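Dumping the structure here so I can ask a few things about it.
For clarity, chains are labelled A, B, C, D and E in written order, and residue numbers in each chain start from 1.
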Amino acid sequence: MAKRRKISFINRQRSKKSFLPPGTVEANTSLIAQKVVITIIQYNESFIQETVINNLSELKDYTAGNLVTWINVDGIHDASVIEQIGSMYEIHPLTLEDVTNTDQRAKFEDYESYIVVMMKMLNYDSELHSEQLSIVLKSNLVITFQENQGVDAFSPIRKRLKEAKGRVRRFGADYLCYALIDAVVDAYFNILEVVGDKIELIDEQLIAGPQPNTMQVLHTMKREMIYLRKAVWPMRDMIGTMERSQTELIKPSTDLYLRDVHDHVVRVIETIENYRDLINGIMDLYLSSLSNKLNEVMKVLTIISTLFIPVTFIVGVYGMNFEYMPELKSPYGYAATWIIMLSIMLSLIYYFRRKKWL
Amino acid sequence: MAKRRKISFINRQRSKKSFLPPGTVEANTSLIAQKVVITIIQYNESFIQETVINNLSELKDYTAGNLVTWINVDGIHDASVIEQIGSMYEIHPLTLEDVTNTDQRAKFEDYESYIVVMMKMLNYDSELHSEQLSIVLKSNLVITFQENQGVDAFSPIRKRLKEAKGRVRRFGADYLCYALIDAVVDAYFNILEVVGDKIELIDEQLIAGPQPNTMQVLHTMKREMIYLRKAVWPMRDMIGTMERSQTELIKPSTDLYLRDVHDHVVRVIETIENYRDLINGIMDLYLSSLSNKLNEVMKVLTIISTLFIPVTFIVGVYGMNFEYMPELKSPYGYAATWIIMLSIMLSLIYYFRRKKWL
Amino acid sequence: MAKRRKISFINRQRSKKSFLPPGTVEANTSLIAQKVVITIIQYNESFIQETVINNLSELKDYTAGNLVTWINVDGIHDASVIEQIGSMYEIHPLTLEDVTNTDQRAKFEDYESYIVVMMKMLNYDSELHSEQLSIVLKSNLVITFQENQGVDAFSPIRKRLKEAKGRVRRFGADYLCYALIDAVVDAYFNILEVVGDKIELIDEQLIAGPQPNTMQVLHTMKREMIYLRKAVWPMRDMIGTMERSQTELIKPSTDLYLRDVHDHVVRVIETIENYRDLINGIMDLYLSSLSNKLNEVMKVLTIISTLFIPVTFIVGVYGMNFEYMPELKSPYGYAATWIIMLSIMLSLIYYFRRKKWL
Amino acid sequence: MAKRRKISFINRQRSKKSFLPPGTVEANTSLIAQKVVITIIQYNESFIQETVINNLSELKDYTAGNLVTWINVDGIHDASVIEQIGSMYEIHPLTLEDVTNTDQRAKFEDYESYIVVMMKMLNYDSELHSEQLSIVLKSNLVITFQENQGVDAFSPIRKRLKEAKGRVRRFGADYLCYALIDAVVDAYFNILEVVGDKIELIDEQLIAGPQPNTMQVLHTMKREMIYLRKAVWPMRDMIGTMERSQTELIKPSTDLYLRDVHDHVVRVIETIENYRDLINGIMDLYLSSLSNKLNEVMKVLTIISTLFIPVTFIVGVYGMNFEYMPELKSPYGYAATWIIMLSIMLSLIYYFRRKKWL
Amino acid sequence: MAKRRKISFINRQRSKKSFLPPGTVEANTSLIAQKVVITIIQYNESFIQETVINNLSELKDYTAGNLVTWINVDGIHDASVIEQIGSMYEIHPLTLEDVTNTDQRAKFEDYESYIVVMMKMLNYDSELHSEQLSIVLKSNLVITFQENQGVDAFSPIRKRLKEAKGRVRRFGADYLCYALIDAVVDAYFNILEVVGDKIELIDEQLIAGPQPNTMQVLHTMKREMIYLRKAVWPMRDMIGTMERSQTELIKPSTDLYLRDVHDHVVRVIETIENYRDLINGIMDLYLSSLSNKLNEVMKVLTIISTLFIPVTFIVGVYGMNFEYMPELKSPYGYAATWIIMLSIMLSLIYYFRRKKWL
């Protein structure tokens, strides 16, 4: 039996919060013991420095200057940390509420002094895992909030920053913001590939014959596709709004790259739709193979029954104990009975042949 | 057997009214005995007062002044009450007709001197309950009309008002109006969560094996989803129209909050669509498991029948009473018959093995 | 067996006409014997008069003056009558063609000197009946053309006119026109209610068990829903165009009422869509209950067959007449056979129990 | 078995052409022997003349003057004819290519000096036939190209022209062009009527019981609906573009008529969609009636088997030849056995009754 | 069993790349041994020359002058070749990345100094093959990048160029670009024709009776349709954007041709949708024929079983060995038994006849 997935479509926390006033930053108490890790990367074309800070008060030492500063907050369950960062960088309470509430749709919002981008980071090992990512972009500053440390799509970007490869060090904070979004979208492609391979596998297994749990596996994949679609679909709008937005925080030179990531998102969406079609197709195939199998089973039963039921009746007749049964006395009775029975069986076989059942 | 739900998709009252002229405020006589409860809350940042009035004439004592006044009318079945309030606050007859007719779509209407917002309040205990809510917003005044006292989404707001928590006391009547809508939408999330849990449960039960009433339960949930969608879908338009409207009753500072509740409605709609997909998926799974089960049952029948029908024929042959049957006289006849029968059965078992039926 | 419905989706007359030049007013000869009834109602706020005229020439006596005149033509099969009225009131031949051709979509057309509104009047007694209604609105004059006298939605309006209830007597011809459309739409709600009750009934019957004709009844309802949708769907556009039209024949004060009836049409359309979903859901439920029933039937067959086929074989063995069968001589043979047979049956029962078939 | 249809969804010629440069007028050699028939009708309000010409050179004798000239070309397989006409009337090579390539979508194109309208003429006798029609409208000149002489929708127009009925003789070439389109669309209604009757027939037959070929017939009709939709769907756009086009070749007075034919096309499209829904509904009904029938068959089998299998076992027991079987000696043994067997059968009948299987 | 297709919906290379910075041109190492073939065709109206170059450095000898230059690169797996060409002709790194990444959607991009068009070339021999084509259009220069040499749609264009047929030699580089796109789209029609023939074939086979692998074949075709749709659907947008683009590289005279190819793409898309509908229809037909077959098989089984099971019981009764069985002594017992048995069988046959099972 397939292992059950853990994706839920509605977030239980949401409803708990729902009786608090809007804009309330709320702690997830079950995770409170877990430590929030804050990492700061500062760089320009010639310089780079990575620091893990232990105390929120250290944050203010990292005033941006001419360096691009990337503050990565791993863990959003501790409301006080989020609130302190929020007040330090003048982030609106509604934004902070969205950051801590992990049931957001992907969205772009322009608060004039900063912009926020929210999306889902996904990865896939045996089952689908999801984590909310919020990116706050201010001038020369990027703050990222991740749910915990399980799903991280950013290591290639850190590597590229350190190795000074590509444009990422030359360009500003808006390019970093783009690069982070691009990394998240790239991770979607990895998931689609894994899912694509699973679809291929099931499709091939089905030729050998239907398995009882095939439908269950397909159902789980369909659920995952529904979840994926829910996560990715609003990203098209999000990036579109971002491209069209009038904010000065995104330089025109970055627009070309946003167009590129927009393209990628469209491809992800199309592939998800194609996978849904494929999964539905395989389900139809599976159900028809079940029908075929039933037909075959019933044909075997019908042929065997039809061949033997009439002749079994005949042998029953001559097993009766009537005193007056002239055939029993005849020396040819037994042979004649066999001849009759064989003729019946052969006629039936001929009939089945003509019906293409044999 | 699942308990039957009580949601009806068309309101019987509607048709009774339909032979009255448009704009007629009509009493629901079956509820006439039930008392209409009118509660008045008046507040500003430093002051709050809640009163239940017993006589409509007392209403005029609560002239707004600088206080924000919230008049909550519980019970819309008494036409004279609605008409008196209507004339007291200069509400158009068409609005009053909509208030009393409980089969409205969610809508926003701007009557210049006031705006009206209509929507469904829902809650869910074993089955779905629905109640119509109409909010009339005038300057410094909010009047809410609720159908009866079964479904109330407003207690957290009353609590917040009294405890002076959040922005609700600082901001004006338009913020209160927003807060009420937000509370209604929050209640939708609670319903979705309950439904989501039920979906999970059925999905898990299905692995153990299909129950005869699974389909019935799924069908009931599908009905509820159709009903929910009908209630929530027009809310997107409603809030969108509200955001774009030129009315001066809604201050620009409230727009951000309306955008937020718009977002929530979109999420509710998406989740409903996802649930519909999930329910359909589970239905497919259920039907395929029925087919699987049938296949299994038929395989057992076919194997047993096919194994025994031919050999039963053979024993029948030697049960015949012909006088001339040489095999019967042979001392090896009995043993030979057993050997033949066992060979037949073993060949059939081998055949079934190769067909993967065993 | 459900009685068959009489709704046809294409009108036979249409094709007969199709070889005549466009704009031809054509008589339906099969109905020619039936009398055309022309009723005239004239009113203002203080005066009302209803006349049935017997001769078309009398029509010209009713020059409008300051009174609002409503000419109702019951029966459109007599081309000469329609043509005379057309020329008397300067109605375009294309309009007259549309009036007599009963296969129109709901539409609004502005011919400057008058406007035309066409729609379907429906009623439902055991089956769905449809009748085309055309309303010509000129200044102070409303002419209505109805197909015959079977379906009439206008009696409540006549009553209100006579009793001077509501706004209908105070307002002008455009309000009358609105009131007529509103009455037609109100009749749709009545139909939806009847259909809704039927859906409820079938849904409840299905819990007791599927009936052979359930599918037939559902199919008929689905047909009716398709027909209803075809009739109502274009009305949304029609009223929308009417609201936006620049014609001076509709006063601004009537716009509010058109918005209201537009709202009603949207609700009718939504309910039709919901009913279609519900009917499809019930069909799925029905088909799954058929599968369940088949499974149950086959389980009974399989259990009985599997229990008795092996033991019947055994008793067959000891019914053979071989001379040398040592078991037959044994005094314990009979008892031992019973013991073996009972063990086989009990093992099988245990097996079925474990499979949850029993 | 239903006769197979001949509609193909892609035109084999298309691909042959595809290796020729665009704008190539290509002959269909298989039809080359067939004669191209060119008919010229010239008329004004008082004069009309119809000529069949045998030689293309005669064409130039028919210089338009004040008369409206309608040149009808029956047969487009002879490329040289098309090319000569093309050069004679200054028609663009791309237009000529479209005229000869019979796999076009319905479209309207404005080449400034002339406009082209392309569409499918359809008729239906036992199966669906399709023919491409291209109409070139120049000032005072209409040239129509038809594929061959099988499907002709224009005889009513010729008749009206000759009998000077209706507006067709008074109005110009653009009205003729409209009248031709209208005639084509009228033919669609005839087809829909035939199809509608077939749907009715099948629906009624289904009540009597499912036929093995019902599904085949429905499938053929569904194919035809897909084909029809493909032909008609782009006509809506085509006429819409035509209405909005700025060409001076279409006089404003004709616009009203184009709006009318647009309306007809919308009705055709809606009816096609309704028919598709109906056909799908009948398919569902058919499949459910198959399931019902299977259930009934299996119930008969199960009841008979279940009634007789246990008692057959009992009689088998007392057919055994054990020497020691006390019951056989008992004078009441036989009667007791009968009583036991009858009790078993009656209990089973009672059980089936309670299960509502009998 | 149908041969399995090789189309994958996501490109494995994509994910490998995804950890490289955007704009990285990446080599496909598995193909690195394969030679990149670069062909140059230069022409004007009176002159044409085709050269295969062996060394990239030779490329610069072909400075365009007044000739139109077409550089065709067969093989995009060698990153250094692509990068050199890119720097030679000033192509943006993002374009080069798209050229080498074979998982692009069809798209048009305007980089001011050049435009890029990307699409899929497809062909079909027993299964569907796909190859990415990128066209870079600069002034007087067309560079095409093809994946490898398996799928080539351009030979007819080369032939036309050499034979100076059609407009292709007279017109400039933009017409060549159009002609290449047109050739790719023409190849889609060829595929659709092959698929259409396969659909016809399966449809006809189905009348003879369902094959076990029919569903598998249909499923494979459905997959191919999904893939085709994915490839062709974005081409509509691509050509639309191209038509509307402000680039000076495309002369107004070419617009007419782009409109034509746009038309073709729309027809391809419509045909794909129609094929999907047809395939779904055939699937339904297949499933219903399976049900029909099962019904037939079960009817045979039920008739035979029902006819013989009761009479086999009767002969069993008189095979019992009770000492006291008066019937056995009667001289008419045997004959009476036969009469009873025949009556039972005849009644059952009559019953089956009435039920239309025989």
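Assume contacts are C-beta pairs under 8 Å (C-beta built on N, C-alpha and C of every residue); 3 or more make two chains touch, one makes a residue touch a chain.
A quick note: this is a predicted structure, and the numbers were derived from the prediction, not measured.
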item	value
Numbering shared by both copies at the subunit E-subunit A contact, with half separating same from different	different
Centre-to-centre distance between subunit B and subunit A (centres being mean Cα positions), rounded to whole Å	26
Where subunit B and subunit E are represented by their mean Cα positions, the distance between them in whole Å	42
Where subunit B touches two or more other chains at once, by residue number	287, 291, 294, 298, 301, 305, 309, 312, 316, 319-321, 325
Chain contact graph, described as a line, ring, star, complete graph or other shape	ring
Subunit E-facing residues of subunit A, complex	156, 160, 165-168, 179, 182, 186-187, 189-190, 192-193, 196, 200, 203-204, 207, 256-257, 260, 263, 266-267, 270-271, 274-275, 277-278, 281-282, 284-285, 287-289, 291-292, 294-295, 298-299, 301-302, 305-306, 309-310, 312-313, 316-317, 319-325, 356-357
Residue ranges of subunit E in contact with subunit A within the complex	1, 4, 8-10, 12, 14-15, 18-24, 94, 103, 105, 107, 209, 212, 215-216, 219, 222-223, 226-227, 230, 283, 286-287, 290-291, 293-294, 297-298, 300-301, 304-305, 308-309, 311-312, 315-316, 318-321, 325, 327-331, 333-334, 337
